[in-house]
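Sending over a structure as C-alpha cells; questions will come in a sec.
By written order: A, B, C, D, E and F. Residues from 1 in each chain.
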C-alpha cells in the first residue's frame, strides 16, 4: 500500500459561522472537509449560544502547509471572536492526490 | 505559529452515563470537551442497550498528565461495568492555555 | 497504566454502503467500530448523493495489520466506485485485548 | 359471538400495527420509523396522557383519590417483591439480575396503559379519569423498591443518581407536567388544543406501536440466548401481578374499567424508565435479560393476551 | 372557464408550496424544512397511502384485481425498456447510465402518485381505491428490469443486495405495512386514527412539497452540466409512458380516475428507492444524471404539466 | 370579575405550559422536548402564521395596507433606537453590547406574536388578518437599524453577511413562503390543509411553549451574573415600546385587536433571528447579555404581564 503523511485539522465552532469557516478552509487549500454536530463546554461557556444551534465539528485532511495556513487564519479571524477550538493530528492516507 | 503538544482523549460510551463521565473528565482537569452521537458494535454487543439511547462520543484535548488521569479513572470506574472504549492521540494545538 | 499502540482508521463514506462497509471492516479483523453522521464536500462533489442520505463517518481502532488490510480492501472495492475517503492515525489504548 | 369479541380485542389499529411491524421485522423488512420520530411520539403520548388525566383530576374530589392512591402504593411495593422472589427462586437468576428484573416488573409501561385505555374506550367501558396520576406514582415506586433490594450490589453513587434519574427523568417529568397543565387549565380552556392532544392520540399510538413492534422483534431474536425460564416467568409474573392488581382495584372501590386499568398497570413491565435507572444503579446486571423479558416477552404478551384477560377479570369481579 | 380550470389544476396547496419553495431556493432563501422532518413526512405519507389503499383493498374482490395487476406488471416491464432505449439511442448515454436512468423511469414516485390522488379528489373524480397496491408493485418491477439490463456492468454482489435493498427497503416496506394494517383493521375500526392519517394528509403533502421544491431547485442548478438532451428526454419519456399507462389502464377496465392514476404512475420517475438501489448495483453510473433527470426535470414537469394532461387524456379515452 | 379576567389572561394552555415547564426546569426536572422537535415546531408555527396571514392578505385591498405598513416601518426604526439609548445611558453597557441588545428589541418574537393572537381569539376580539405580513417587515428592520448603529464595531464582512443571514434566513423565509402560499392558494382551496395548519395550531403553540419555558429557565439562572440593571431594562423597554406601538397602531387606524397586536410586536424581543445576526456581525458583544435579556426577562414578562397590559391599553385608546 502506497501511503503518504498528511495532517488532520479538527475544528469545533459555534454553528452560525459554519459557512464562513468552510469558505476559509477551502480558500486555504483544503480539497475536502466533513462536518458533524457536537455539544460541549469550554472556557467561554457556550451555553448562551445554544439558542443559535449546537456546535459543529469540522474535519479536514490536508498537507502540512495547508494545515498551518488554516491555523493562522483561525488565529487571525476566529480565536478572539468566536467560540472556536482546533487541533492538528498527523495521519496517513492512501491516495496522496485527494488531500 | 506558536504551537504545543497535547493529547486528544476519545471515549465511546453508552449514553446513560454521559453526565457521570463528563463530571469525571472535568474533575481530572480537562478544561473543555465535546460530545457527539454514534452507534456501533463491540465486544459486549451493546444492542440490548439501544433502548436506553445510542452511544456518545466524547473528545477532550488535555495535557499528558490529565490524559493519564482520565485513563486511570476510566479503568477504575467504567471499563468493567459499562460499554466504554477509549483511545488517546497526540495532537498539536495553537493556544496552550486553552487545554 | 499499561498501554499499547494501535491504529485508528477513519472512513467517510456515502450512507448507502454502510452495511457493506461494516461487513468488510469486521471481516478484516476489527473487533469493534463506531458510526456517526457527517456532511461534507470533496472531489466527486457528493451533492447529488444527498438524496440518498448524508454521509457516514466510521471509526475503528485496530492493530496495524488490520489497518493495512482495511486500507487494501477500501482501495480494491471502494475508492474508484464510491465517494469514500479514509485516513489512519496512531493511537494509544489501555486494554490491548479489546482492539 | 366469540369471534366478534376476539376481533374486538385483537383487530384494533394499535395491536395490528404492532404485530405487522413485528412480523415484518422478523422477515427483515425495514419498517423502523425515522430515528427522530421515536422520542417525539413518546413525548407526545406522555404529555397527552398527562393532560387527559389532569382534566379528570380537576373534576375529582380529593376524597375519591385516597383509596386508589393507597392501592397503587401497595402494588408498587408488592409487585416488585413478587417478581424478585420468582426470578430468584423459580428463575434461579443472580441477585443483581433478579433485582434488575424486579425493577422492571415493579414499574409500569405507559404504552400498555394507553392500549388498555383505548381498548376500554372502543368497548365503551368507563373508567376513572385520574388513573394517569396513578401511572406516575406506580412508575417510580416499583423501581425504588427493587433498587433497594439490590442496594448492596449497587454503586454507592449509582443508587442515588439512579433514583434522581427516574424521578426527574423525562418520562415522569413529562407525565406530571401534562397532569399539571390539564388540571390547571381545565377541559374548557384546553378545547383549542384538543385536535392535537386528543384528536391525534389514537393515530399516534398506532404509529408508536409500529416502532415497538420493530424493537420487540429485535429482542425476540435474543430469546434463544436468555432461555425458556425467562419466557415462562415473563408470562407468569404479569398474570400474577395482574390478578393482584384487579383485586386491589376492587378493594379500592374502582369501577369495572378502573379495575381493568389497575390490573394492567400491575401486570405491565417498564422498558423506558427502569432500564435507564437499572443501568446506572446496577451496571453489573445483564441488560439482555431485563430488556428481553420486558420488551420481548411481557409487552407483546400483555398487548395480545393479557389485556383481554384483565378486562374479562375486571368484568367478572366487579 | 379555461382560466378556472387552469387555476383548479395549478393553484392547489401542494403545487403552490412546491413552486414557492423552488423559486425561493433559486433566489437563495432558506426555506428548507428541518433535517429531521423529511424522513418523518415521507414515512407518514407512505403509511397513510398504504392504510387508505388497504381499506379499499378490503372492500375489493380478488376478481377485480387481476386486470389492473397484470396491467401494472406489463407497465413495469415496458416503461423501463422504453426509457432505456430512448436514453441509449436518442440520449447517446453510456449503457450503465442508460440503465440507471431506466431504473428511475421504470419505478414510480409516491409523491407524484399522491398529488394525482389529491387532484382527483379536489375535482371529484372517483378512482379505484386499491391503486396504492399497484404503486408498491410498480415501484419494484421497474428497478428489477432496469438492473437486469445492466447486470453485466454491475457488481456481482451489488446486483443482489440492491434488489434486497428495494424490496425490503423502507419505502416498499412502509407502504406494504400500511396496506396490511388498512386491510386487516378495516375502515370502521380505523376511524379513531382518521384525524391523523386522513385529516392531516393534505397538509402534510403540502409541507412535503416545500422540501421537494428545495431539492428540485438544487438539482435544477446542475442542469447546465448535464445537458439539454437530458431535459428533453426527461419530458418526453413521461409523456410516452403516460400515454402507454393510460391505454393500459383503459384495457384493464379502470374508471376515468383509475386511468389517470395509472398514466401518472407510468409517467412518474422514482427518486427514493431507485437512487439507493442504483447507487449500490451500478456505482459507476453518474448520480448527477439520474437524480437531476428524475428530481430536477420529470418531477416538476409531472406536477405542473403532466398530471393535468394525464387526467385530460383519461377523460378523453374513457 | 377581576379574578375571572385574570384567569382568562393567565390560565390559557400556552401560558400554563410555559410556566409549568419553567418551574419544572428550575427544580431540575427534565421536561425538555426531544432535540429534533424544536426546529419542527418552529417551522410549523412560522408557516402556519404565514399561511393564515396570507389568506387574510388576499382579502385585503392594497389601500388598507399602506397605513399599517408605514407604522411598522416607523416602529422598526424607533424601537431599536429607544432600546439602544436606554441600554447605553441607563444600562451603561458598552456600545457594542447596547447595539446587540437594540437589535433584539428592534426585531420581534414570532411566538409572542402568536400568543397575543391566540389570546385575542380566546377573548373574541377581532384583528386585522394581515398582521403576519407586518411581523415579517418588523423582524428585519429593527435588526438592520441596530447593526447600523454599531457598524464601526462590526467586521467589514460580518455586517453584510449578517443582513443576508436575517433576510434570507429560515425565520423570515418560512414566514414569507407561508404568506405567499396563503395569498396565492386562498382560503377555499386551502381548506383541506386546515386540519394541519389551523386545527393543530393551538396545541403546537402549547407544546412549543414547554420548550421555551425550559430555555427561559436556563437563561434565568444567568441573571445573577448579568445584573439587575438588565432585568429592569428588560421590563421597562417593552413597556415603553409597547405603548409606542399601541399609539402608532391607533394613528394607523387599526382596530382594537390590531392595536394590541402592534403594541405586542413593538414590545417583543427577538430570540431567533437577532441572536444569529448579532453573533455574526458583532462577535464581540456578550451573548449572555442579549440572550438573557430577550429570553430570560422580556419573553416571560410579555407572556404573563405584558400582553394583558397591551390588550387593556388597546381597549382603552380605541
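Note that a contact is a pair of C-beta atoms (placed from the backbone, for glycine too) under 8 Å apart; a residue touches a chain by one contact, two chains touch by 3 or more.
Note that the structure is a prediction, hence the values are computed from the model and not measured.
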Chain labels contacting subunit C and also subunit E: none
Set of chains whose contacts include both subunit C and subunit A: B
Rounded Å distance, subunit A centre to subunit B centre (Cα mean): 20
Distance between chain centroids, defined by C-alpha means - subunit C, subunit F (Å): 46
Centre-of-Cα separation between subunit E and subunit A, whole angstrom: 41
Residues of subunit D touching at least two other chains: 36, 40, 195, 199-200
Numbers and ranges of subunit A residues touching at least 2 other chains: 36, 89-90
Chain-chain contacts as defined at top: A-B, A-C, A-F, B-C, B-D, C-E, D-E, D-F, E-F
Partner subunit A, residues of subunit C touching it in the complex: 12, 36-43, 55, 57, 68, 71-72, 74-75, 79, 85-90
Subunit A partner contacts - residues on subunit B that touch it in the complex: 1, 3, 6, 8, 22, 26, 31-36, 59, 61, 89-95, 98
Of all residues in subunit A, those that touch subunit F in their complex: 14, 16-17, 19-20, 47-49, 51-52, 81-82
Residues on subunit F engaged by subunit A in the complex (per definition of touch): 157, 161, 165, 215, 218-219, 222, 271-272, 275-276, 279-280, 283-284, 287-288, 291-292, 295
Subunit D-facing residues of subunit E, complex: 36, 39-40, 43, 47, 168-170, 172-174, 176-177, 180-181, 184-186, 189-190, 192-197, 199-200
